[in-house]
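One chain, subunit A, appears in both complexes that follow, with subunit B as partner in the first and subunit C in the second.
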Partner chain A sequence: MQNERKIRVLIAKPGLDSHDRGAKIIARALRDAGMEVIYTGLRQTPEQIVETALQEDVDVIGLSILSGAHRTLFPRITELLKQKDLTDVLVVAGGIIPEEDVPEMKELGIKEIFGPGTPTDKIVQFVLENIPKRT
Partner chain B sequence: MHALTKIEEIIQGVLSGDRRNIAKAITTIENNTAETQKLISSIYPHTGKAHIIGITGPGGSGKSTLIEKIIRKYRQRGKTVGVIAVDPTSPFTGGAFLGDRIRMQELSTDQGVFIRSMATRNYRGGIAKATKDAVKVLDAAGKDIVIVETVGAGQSEVEIIKVAKTIVVIFAPGLGDEIQAIKAGMMEIADIFVVNKADRENANKAIMDIQAMLQLNNKEKTWKKPVLKTTALTGEGVPQLIERIEEHKHFLERQLEHKRSREKAEAELIEAIKEKVATSMIEKLKREGKFEEFLKKILKKEMDPTSAAEKLLNEKFRNKV
Partner chain C sequence: MFNKEKINEITKERERWENTTLPKWMGNRPERKNEFRNHSDTLIKRVYTPEDIKDLDYMRDLGFPGEYPFTRGVHATMYRGRLWTMRQFSGYGTAEQTNQRFKYLLKEGETGLSIAFDYPSIRGYDPDHPFSKGEVGVCGVAVASLKDMEVLFDGIPLDKVTTSMTINGPAAMLLAMYIAVGDKQGVPREKLGGTMQNDVLKEFFAQKLIIFPPKPSIKLVTDIVEYCTKHVPRWNPISISGYHIREAGANAVQELAFTLYDGITYVESCLERGMKVDDFAPRLSFFFAAHNDFFEEIAKFRAARRIWAKTMKERFHAKNPRSLWMRMHVQTAGFTLTAQQPLNNITRVTIQALTAILAGTQSLHTNSFDEALALPSEEAVRIALRTQQIIAHESGAADTIDPLAGSYYIEYLTNEMEKRAMEYFQKLDDMGGAIPAIEKGFFQKEIADSAYKYQREVDEKKRILVGVNDYTTEEERPIKVLRVNPKVEEEQVARLQKLKRQRDNRKVKEVLEKLHYATEEDENLMPVIIDAVKAYATIGEICDVLRKIYGEYKELIVI
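So, the complex of A and B:
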């Protein structure tokens, strides 16, 4: 008997800021949408995030950042993902990311940026619609 | 040479210890695809080398924090470690929040450590249906130690006994009535008891309670279940815990060794009896001339050797009665 395939999501907080309320709300919304959400806690290095994504074989990585260090940390993360051949993972981000940085972030391969006030069901919807097909 | 199929690639990757393929193999097992059985039967011959430790106990007792310290100690000894950390699936939404890694994240980049979070997917008993075979993947991939962390368990979540060789049951003082927490199941499945958060004031009381319970139903004399104190946050008591785990491992090996020596001795004895009985019987038959008589019948094709032997033996035993 074949089981239903579950969507696995990693919610990670790169960098040094110590507020994870937003990350936890997103984690909960995705869980309530039937996904398996792996949460790693605060202050994760890009290496830790990518290694975790690899070991957990996730379909989606959600990055939450408030510190303003996204222009340093996100390129490192997307670079490591390429190095580890994790190219079929959907990467999205949220938190405080200025409008003018969004094109640069998308250039890196981050599919969508969700700013403060984004309704959680919009995020769930986006994940469901953009999840990479795997066999 | 044909190109490897996806599942063959995963199998090869697991056997060479490749982390990406270990992860994919576990996903394959969790999703129970058409290829899962092929995967399991291909890796099965390569399993059995790892020591599998089950860590169970009530939620909030400090399982994840203690596991992090256990991993560090094993890494200092040069051992590689795999972890399956199980958390519950919501029976209402089918989703799960897997947070056991939070305490172990510093180890996530250590190439000698592989940590996988797993949702129960509504399997009962404190683990997931896929846990047992996921352990086999880590074993086949060459991990020396595989640790399974169950969901926060208190009474009947004893499925771990089917997976682990050494079971550590953890309690913490102040979580409620300690004896209530351990009334059924947990007492029986434990090989080692740990009272964690030993810096709390009721720790000694908890230890005494457990020891008293053990004296009541300590039928099993071969392995005396130790009760240890740890403070996972500081790592206090963890080296002693590792010693006990290793002792239990050796105990199991001795038992197995004992069983194997017995089986070997039995086979040798049977062989020796066959040899002796046959030799003395043949000598006797020769002395009596019976051997020659039947040999001639066989040569004349009046009888086949098996029937001849049967007839000879029947006569022999009838004479005895």
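So, the complex of A and C:
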């Protein structure tokens, strides 16, 4: 009954690139949609991201990367999530991720990849529909 | 430009037109929107007339090309004398691969080089640093030491090309390497021509690839300006950049105002160092984005030249006409490229490139159509270069100077951009300058707000993007994108290890200690950095010395 808890989202930027326009826009859009958003800034290591996810008890992690290092960094992040038993967290990603890499990323447990041009409401909708149920 | 009587007559006629002709059309064919606005939210009128520029004074506000206030261009002959420099930003993988790409571009008619470095180089990490994992050679060419730079320019004589380098934090190290390659090729330093981006201010609020905190960062910029003024006189030691400000989300007015204000800050820093304005100002250069709104962009470039000339003359009392010149490089706006229906980007790039040419840029990079997907393929790069060549040789746009001058709309917009930029100047002066504004998060907030507003307009379809929120098609994407071989990282690490075995490590240690000392003593660091790169000290090693003394910048997060 008292499940008034807001959906908690971590927006994180792994990798060395600094293109944060998208990450910030998504952070605002999710906040405007009533979610609690934590944005930790540029160049977060996989370890930092997973640690923050744990500390902040988030329901969703949104990864934004445009440097091309997703094939190195995403497996590391999903591996650490498993180690910390955070497998019920919904993980989505966006940025410049070539289409041919998408299946590989999804196999890691990343639920959806949002490419350039994705409307923000589509992302909000996806989060609402795929959010893990809390018991 | 117009006498009062004429203006009154036009006003009367316009009112008549609005009361008689216009209503008939508005009834049958009402306008598409209630109001029309450009990217920087200027209300766009139905039609412009001499009324809108009634106070324009030709000699005061426009003048002739090559003369104050340089609204019409910095050279008296412009493209009738020499076309702009076609300079395509490129770099990926190893130095060998990028050397091949450079030679290909030069063979295809490119007239200047422009290096894209990978993220580890930009952040001052060697390829074996934990942060470099997965990033080596991916978004640019991997350059860790003079060894790589020697390979990068193998077979390219430095007295025959000019080179632009997009590098900021480690700008001094890369310039030192270029000088060292020149020394090896026997090219005297006074013959080296090119540009370092070396604009750290915009890093703190837009590009955000900076290493050191603001004060030491500006000190390094000033070191480079001072060194180049004395020893590398044909080098543009800084390219004051609006491009990244725009890409981060700013509108055209913000791009214009923030960039020029950064310029003011650098001039002040050089003056504080004791340099004379006319000694360094002629070599300051600028870099802007060319976005989609055709007329707004043209007005922006023209206004930029006029504001800079006035600022240098009135605020800094420069006497040398060259100190008043704003020379600019333009790149079409990467942000506007769509991943959807990527071939449409060729059209966008053409329109954007035309704005820069019609407004008299000195140099231009045209984006490749596949860049919303990956680094550009060879074919895509060639089309981008051909776009410039078609504009140059087929369109006639390069045959007369500043062809849109005198357009009621263009002149009105140019004035409007200047007016709004000056309002920002005032605000920034009141805040105590660019650094206090950065520390307050002022630029960051302005940019984030504009970026969000733009996205809302796209999401709500108030702004149509073809192929993205309208005219969409279900499509396969058969485009072949360039992929960087993951072996590059291994190769670079191996090369680094080999270098560290082969070089004179005692000498490296010695020169790094000298650097440490010079940094603590606050000397101009260029000479000792040149010694360090010549001893084959790596970017990571040199930056680590500076990190220890200066510390690292911690981003101020503003959403």
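What we mean here is this: the second predicted complex is superposed on the first by the 132 of 135 C-alpha atoms of A that agree within 3 Å, B and C clash if a C-alpha of one lies under 4 Å from a C-alpha of the other, contacts with A are read in each partner's own complex, and residues count from 1 in each chain.
One rule holds in what follows: a residue touches a chain if its C-beta (ideal position, glycine included) is under 8 Å from a C-beta of that chain, and two chains touch if they have at least 3 such contacts.
Source: prediction; values computed, not measured.
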In the superposed model on subunit A, is it clash or fit for subunit B and subunit C?
fit
Looking at A:E129 after the superposition, I want to know if it touches subunit B, subunit C, both of them or none. Which is it: first, second, both, neither?
neither
With both complexes overlaid on chain A, does A:L54 touch subunit B (first), subunit C (second), both or neither?
first
After superposition on the shared chain, which partner residues are touched by A:G41: those of subunit B (first), subunit C (second), both, or neither?
both
According to the stated criteria, A:R28 is in contact with first (subunit B), second (subunit C), both, or neither; which is it?
both
Quick one: minimum Cα-Cα distance, subunit B versus subunit C, in the superposed arrangement, integer Å.
6
Footprint overlap on subunit A, comparing subunit B with subunit C:
27-28, 31, 39-41, 45
Going by the contact rule at the top, pick out the subunit A residues touching subunit C in the complex.
15-21, 24-25, 27-29, 31, 39-43, 45, 67-69, 71-73, 96, 98-99, 115-117, 119-121
Which subunit B residues qualify as touching subunit A in the complex?
6, 19-20, 22-24, 26-27, 30-34, 89-90, 93-99, 101-102, 105-106, 108-109, 114-117, 119, 121
Counting only contacts in the complex, subunit C reaches subunit A at residues 119-120, 122-123, 131-135, 138-139, 207-209, 247-249, 335, 338-340, 372-375, 448, 451-452, 455, 458-459, 465, 468-469, 477, 481, 483-484, 486, 555, 557, 559
If we count contacts the way the header does, which residues on subunit A are in touch with subunit B in the complex?
1-6, 8, 27-28, 30-41, 44-45, 47-48, 51-52, 54-57, 84-85, 135
